[in-house]
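Sending over a structure as C-alpha cells; questions will come in a sec.
Read from first to last, the chains carry the letters A, B, C and D; within each, the first residue is number 1.
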Amino acid sequence: MLGLNRKDTTLLIVVFLLTMLAPFLLNPFPADSAMAQFNAGYPDLMQRFVIFGIFAVGFNILFGLTGYLSFGHAAFLGVGSYAAVWMFKLFTFNVVPAIAAAVVVAGLFSVLIGYVSLRRSGIYFSILTLAFAQMSFALAYSVLSNPKFNLTNGETGLQVYADDPQIFAVAGSPNLPHLFGLSMRSTYTMDVGAWSFDFNAGYYLCAVIMLVVFYLSVRLFRSPFGMMLRAIKSNQQRLNYTGLNSRPYTLAAFVISGMYAGLAGGLLAAMDPLAGAERMQWTASGEVVLMTILGGAGTLIGPVLGAGFIKYFENIFSKINDNVLHSWFAFLPDGMEDFMVTIIHPFVGKGWHLTLGLLFMLVVIFLPGGLVEGGQRIARLFKRNTTQTPGNDPEHHPKPSPHVAE
Amino acid sequence: MDSFLLQILNGLDKGSAYALIALGLTLIFGTLGVVNFAHGALFMIGAFCAVTLNKLLTLSFETVDETKTDFLGNPLKVETPYVEAWFGPEFGGALIDWSVPLAILLAIPVMVGIGFVMERGLIKHFYKRPHADQILVTFGLAIVLQEIIKYYFGANPIQTPEPSALRGSIDIGTMIGFEANRIIYPIWRLVYFFFAMVIIAGVFGFLQFTTFGMVVRAGMADRETVGLLGINIDRRFTIMFGIAAAVAGLAGVMYGPLNPPNYHMGMDFLVLSFVVVVVGGMGSLPGAVLAGFMLGILESFASTTWATTTIPGINQIIIYLVAIIVLLTRPRGLMGRKGVMEE
Amino acid sequence: MSKSNLTRRGVLKTGAVAGTSLAVPTIFTAQSVAAYTNEPTGGTVTLGFNVPQTGPYADEGNDELLAQQLAVEHLNGEGDGGCLNTFTSKALKGNGILGKKVQFVTGDTQTKSDAARASAKSMIEKDGAIMINGGSSSGVAVAVQGLCQDAGVIFMAGLTHANDTTGKDRKANGFRHFFNAYMSGAALAPVLAKEMGNDRRAYHLTADYNWGWTQEESIVASTEALGWETVNTVKTPLASTDFSSYIAPVLNSGADVLVLNHYGGNMVNSLTNAIQFGLLDKVANGKDFKIVVPLYSELMAAGAGENIKGVLGSMNYNWQLENEGSKAFVKSFGEKYGKPPSNSAQTCYAQVLLYADACERAGTFNPCGVAEALEGFEFDGLGNGKTLYRAEDHQCFKDVLVVRGAQNPTSAYDTLEIVEVTPVEQVTYAPNHPMFGGDEATLGECNPGA
Amino acid sequence: MGILEVKNVNKRFGGLQALGNVNLSVQENTVHAIIGPNGAGKSTLLNCLVGKLIPDTGSVMFDGQSVLGRKPHEINQMGISRVFQTPEIFGDLTVMENVLIPCFARRDGAFRMHAFESVQHEKSLNEQAEEILVDMNMIEKRDMHAASLSRGDKRRLEMAMCLVQQPRLLLLDEPTAGMARADTNNTIELLKEIKEKRDITMAIIEHDMHVVFSLAERITVLAQGTPLVEDTPENIKGHPKVQEAYLGQAH
C-alpha cells in the first residue's frame, strides 16, 4: 500500500491509529483520580508530542542515516518559527502561508549552514553547527532585536500586535491562527463517565502533517537515496570509490532535515503565535539529539517515541509538587507518608532534570539502540523459542523482497 | 595603550580558565579518545569544593544574645564557628579566611577520586562506542552532577571570597611608568593567572620528564604499539583521567573568588572549552593552552567599546566566529597533528 | 461561530453512539454554555502558580512558591490568616474564594518563554486553572500574559521589572504588582542627587536584552534630568559570566559612578568584578567612586555577599518595612519557613490575596468581572502601604523603596537597609508615557475566553 | 597506446621522493602487476591513479583523458574501480544493498535525488545485482549483514561490487595481503575465473610473487619509487635487477 512493504504499512497504520486516538490513549485515568496527574491528553502537550516528533524524525534523517551529528538543528526550528510569525504579522493568521514560509526559510537557511558545515565531518562538523546555532541564538536574542531593526523581538519573543498590517486578513476570521476560519484552538471536550477527552483542531492539523511527513520519511528510508545515506554512515570512502559524490547526498539530507525542523517550528508558531529565541539555544539542539538517540537513532519510529518521552517528562514530571506527592501517599501512616515523599521529592517537580539525566545515562549505557531496542528485547523475550532472530535490527535493515509484488 | 594592556591582562585571565579546562578535556580526548561533556561539571565541582570547605569551617553553634532580636522579634541567635571556638578567634578566623586556597588540599583527592570513579565506572565502557554515545552519556552525567549540586547548594550563586590579604587591586601602571589609576588590576586575578601557569607547567613537566608521562605520550601517539610492549596503558590512562579531573577541579577551586560559583557554571564553560580544544587542535596540549589564551584575549578585545561600535554584536559571537574560521581554514586546529580526526 | 456548532454535532453523535453523556466543551472555545474559561463547577477552585523551578532563578521561584502556598492557606482559613487581618478590604472570609476551597497546581517556567507558556497552558488546559500567578523575568511575563489574554484567564505577573509588561505589551487580562524600571529611575534619582550630588558622570553596563535596555533608558533619563552626564553605555551579552573586560575600562573613562543594569547572576558577577577592581576605593574627578544597582533582590544580595556594602538600589518591598501589613506577613511567613520573605515572595503573596478579594467583590470568577474589580482598586494592608491598581494600564502604584547594602548586618537577612521610601507621587507617570508605548499602547478587550 | 598511461609521474612527501619519474602503460584486456618491496611506492602510485593523491608532476591518462585533479568518484565514473587491501564494504548494509549501490552509481551517476522511489521497484538493477551475487556464489547470503561475513566473503563481496559496475580497469591493492595460503589460492582462482568470464583489464599491486606469477600477463617492478623493468612474467623471473631489488641488501 502507498508503495510500502507490508511491515512499513503496518507501522504506518499503527502510527496513524496512535495519533488519531491520542486524545483517548493519553488520558487513561479518570479526570478526578489521583492518577490524573499522569494524563497527557490535553491539547498543548499533544501538539508538542507530534511537533517535536516531526522535529526528531527530520533530525533522524540526517543523524540516523548519515551519522552526521548536528548540534545546531534548533536554529532551523527557531528560524521556522520566526518566519511563520512574520507571515502572521504581515499577511494573515491563516496557517497555510505561515507553515509554507517556515519550511522554505528554514530550507534556505540550512542550505547556507549545511554548505559550509559539511566541508568537515565528525566532531568538527558538530562544533561547526554548534557555533552557527549559537551565533544565531545570540543574534536573535539581542543583536537583531534592537529598536532600529527589530527582527526577532529578543527576549520577549516575536508576537502579533494589533497594529500589525496583516494585509490579507479576512474579516470575520478568528484573531488567532486558523485554517481557513477553523481556529487552531477550538477544542471539544467529551466526557465519558469519569473520563474526559479533548479533541483539538490544532492537534489534528499537526497530527495529519506528522503522518504525511512520517510517511515521506518511511519512503525516504526505503529509497535508493536513503540507502546511499546509510552507506555514507557505514563507509564514506567506499561510497566515493563507487562513483558516488557524498557531498550532495549529505547536503540534501541536511536540508531535508532542516526543512523538517522548520516545519516543526512553523507548527509551533501556528499553535501558539509566539517565537522566542531560546528555541535556538544549543540546549534545545541537544534536546533533539537526546530525543533521537533515546528513541533509537536510525529507526523509523524511535525519534517519535523519544520526542514523546522527553516532552512527557518536561510537562508532567515537572508538575508533581509535594502537595501532589502527599495526596498520593495519604493512605500511608504519617511517618511512612513523609518518608516516601522525602524519597521521591528530589526526582520530581523541580528535580525533573535529575530524573531525566539519570534516564539518559541508563538508556545510553544499557540500551544503545534506544527505546526501540528495549522494545525489541522485550518482544524477543516473549518469542524466544518460537522464532529465530537474525540478530540484526529489522527497522534499520529492511529485507528487500523484490519478487513479491505489492 | 593603557586600555590595550588592560585588555591583554583580562584576556590572559579569562584565558587561564579556558586553558585549564581545555587542557583536561584535550588530555582525556588525546589519551582515551573520549569526548567528555561532563568536563565542565568537574570544573563546577571543583568550585564547590571551595564552597564546601568554607561551609565546613563555618559550621557553628548558636548562642542566644538577649540584647538583640531577630526578624521575628525573638532573641537573636548568634552563630560562632566551631573552629574559632576550638582554635581561638585568631587562628580559626584565619582558617576561614584562607578557605579557598586551603580547598586545594581538599580538591585534589576529591577530584582525583571522582575522576577514577568516573573512568572506571562509566567512561571505560565507552571507549569503543561512537562519539555520539560518549557525548550523550557524559552529557547525562553532567546534568546529574549539576542537579545534585543544585539540590544541596541551591541555584543561587554562593560568594566564596578570597583571603583578605589578597583582596583588592594593585596599580600595575605606576610600576611600569604610567600615571596612577591607569592600569589597575585585582590581586586575585593575578594570583589566578600565576596559579594557572604553575598547573600548566606542572602538567607539561609531568608528561615531559617522567617515565609515566613518556608512556602516556607514547600511548597518545599509538595506543596499540604501547600496549604490545606489555605496558598496562589502561591503568595509566585511568590515572591521566584523574589528573585531568584534578586540573579542571583546581581551575574551579581558585575560580570561586572571581565569580561566585553556581550550579550551572560548568555548562556555561562547556561549549566554550570545546571551541578552545577544537581551535587548538583535538588532542594537542600546547594547542589547548595557546588557543585558550588566544580566545581569552580576542574575547576581551571584542568587548571593548571600539569593537562593538565597529561591528555591533561582535562581543556576542566572536568565539564562534573564530571557531568557524579556524575549522574551515585549518581543520586540524592551530597545533593539532596532521591526520588526527581531520576530515 | 456556526462552524463550531456543526462540528460539535458530529461529536454529539459519537458521544451518543458510545452511549455516554456529552459535557460542554470548555477550553478556548466559543461556547455559550460555559460563561468563561475554566468556570469552577465543583466545591473547589484551582489557581496556577507558574514559577521557575529549574535554571538559575530556581531559588527565587521556590520563594515565590512558598509565599503562594501560604496565601492559599490563609484564603482557606488555615494558619494565622496573615494579611487577611490587615487588608483594608474585608471581603475575604477565610473560607476560600466565593465559598469554594482554593487548590493550586504548579508549573516550571524554566525562565524561558516557550517553557513558561507550555506550563501555563498545561495548567489551564489540563488542570483547569482559573488564573496564573508568578514568574521571574519580563520575557516570561510578557509571553505568559499574552497567552492568558488569549486563553481568557487572569494573569498576575510575578517578578517583572521591564516597562513593557504594563507598557507596550499591556493586556486587559494581565496585572502587575511589581514596580518597573521607570519607577526605579524616578525613585533613585533624588536619593542619588542627595548622596552623590548633581554633577556626576555615569557609566552604564547593561544586559543586552529587552529589560536591560528599558532600565538603562529609564535611569539615563532620570539621572540626566538631575544634571548628570552619561559617559558611556555598554551592552554586555546575557551569557557573559565574567565582566572583567567590561569593568576594566571604567576607571579610565572619566566616569565616577558605575550603574549596573544587570539582574540575577549577571549582577552578582558584575558587582563582584567591580569590587575586585577596587572601584569603590577609588577617587575620580575629585569624588568617591560609587556603584548603583537599580534593581535589587534579596537573593542577588546574598549571592554578592559583602560586595554590596554601600551600594544603592531600589526594591519593590523589603521585610523590614514597619507597616501593619508587612509585620503580619513577615510573622506568618517567618514562623512557617524560618526566614523572612523576599520581595518576589511578597509580590506573589499579595497578588493571590488581591485576586481572591477581587473575585469576592465581583461575586464571580469571570475574568472580566475580576479585572473590573481590580481596576482602580485602592487598598492598604498587604505590606506595601497604600496601593492603587491603575485602570488604564493595570500597573500598580505604591511607594518605592531605595535600599543600600548594610555596612554591619547582624544576620544573613538584614544585608540591605532601607534608605528612603519614595512616595508614590514621585514615581507616577502618565499611562501614555513614551517609555510605555505612548498613545498606541492599549489594554485591548477583556477576554473571558468563552 | 594502453588504456592507462602514466607518464613521468613524480611525488614527494617533504624530503622523501615517493615516486620518481614513473612511466607505466597498461594494455586493454591484460592483467598487469606492479610489484616491488615494501616502501617501493606501489600504494602511492595507486593513490595517484584513483584521485586520493595528486602527483607533483607528470600525467595520468585513462582512455585518452587525464584523471589528474578529478575526485575519486569522478574517476570511478570514468570506469576505474578499486579493490582495497582490506575489503572496504558497507558493513551496516546487507550484502544485496552493497551490490545495489554500485548498480545505482553506474546508472544514475554521481548524485541523484531519488528520495521517494523504492529500491525494490528497480527491477533491472535488482536483477543485475542478483546476477553478480550468483556469479560470486553469494546469493544465499544476500540478506546478511556485510559486517558479519567472513573475510574471504568480504573480499568476494567487494569484488562483486566492483565488477557489477563493469569497470574498464580494475585496480587491486594487494588483494591477498595477510591471507593464509589456502585463502590466497582461492583468491587467485577467483581472479582467474573473473578474468576468463569477462573482458576486463586489471592492474594488481602485490608483493607476493606467487600471486603475481599466477595471474599477471605483464609485470612492472618498482623500487624506491622508480620502475626498474617492465616485462612478461617469464622474463621477470630471471631478471638480475629484480633479484637485486628484492634481495639487494643481502649481497
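One rule holds in what follows: a contact is a pair of C-beta atoms (placed from the backbone, for glycine too) under 8 Å apart; a residue touches a chain by one contact, two chains touch by 3 or more.
Please read all numbers here as calculations on a predicted model, not as lab measurements.
Relative to the centroid of all protein Cα atoms, the closest per-chain Cα centroid is that of A. Taking the CA centroid of subunit D as reference, the farthest chain centroid is that of C.
Centre to centre, using the average C-alpha position, subunit B and subunit D are separated by 52 Å. Subunit C has its Cα centroid 33 Å from the Cα centroid of subunit A. Between the CA-based centres of subunit B and subunit C the separation comes to 36 Å, rounded to the whole angstrom.
Separating the CA-averaged centres of subunit A and subunit D is a span of 45 Å. Within subunit B, the positions touching two or more other chains are listed as 316. The set of subunit A residues that touch two or more partner chains comprises 138, 142-143, 353. By the document's touch criterion, interfaces exist between A-B, A-C, A-D, B-C.
Those residues of subunit A that touch subunit D in the shared complex are 3, 5, 216, 219-220, 222-228, 230-231, 233-235, 237-246, 248-249, 252, 256, 390-392, 396-397, 399-402. Here subunit B touches subunit A in the complex through residues 35, 122, 125, 129, 131-133, 135-137, 139-144, 147-148, 151, 271, 274-275, 278, 282, 312-313, 316-317, 319-321, 323-324, 327-328, 331, 341, 343, going by the rule given at the top. Residues of subunit A that touch subunit C in their complex: 39, 42-45, 48, 138, 141-143, 145, 147, 153-157, 159, 162-163, 176, 181-183, 185-193, 196, 198-199, 268, 272, 274, 276, 278-279, 314-315, 318-319, 321, 323, 349-350, 352-353.
Across the complex, subunit B is touched by residues 63, 69, 116, 119-124, 127-128, 130-132, 134-135, 138-139, 142-143, 146, 282, 286, 289-290, 293, 297, 346, 351, 353-354, 356-361, 364-365, 368 of subunit A.
Within the complex formed with subunit A, the subunit D residues making contact are 50, 71-73, 76-77, 81-82, 88-94, 96-97, 100-102, 104-106, 108-123, 126, 143, 145, 148, 161, 165.
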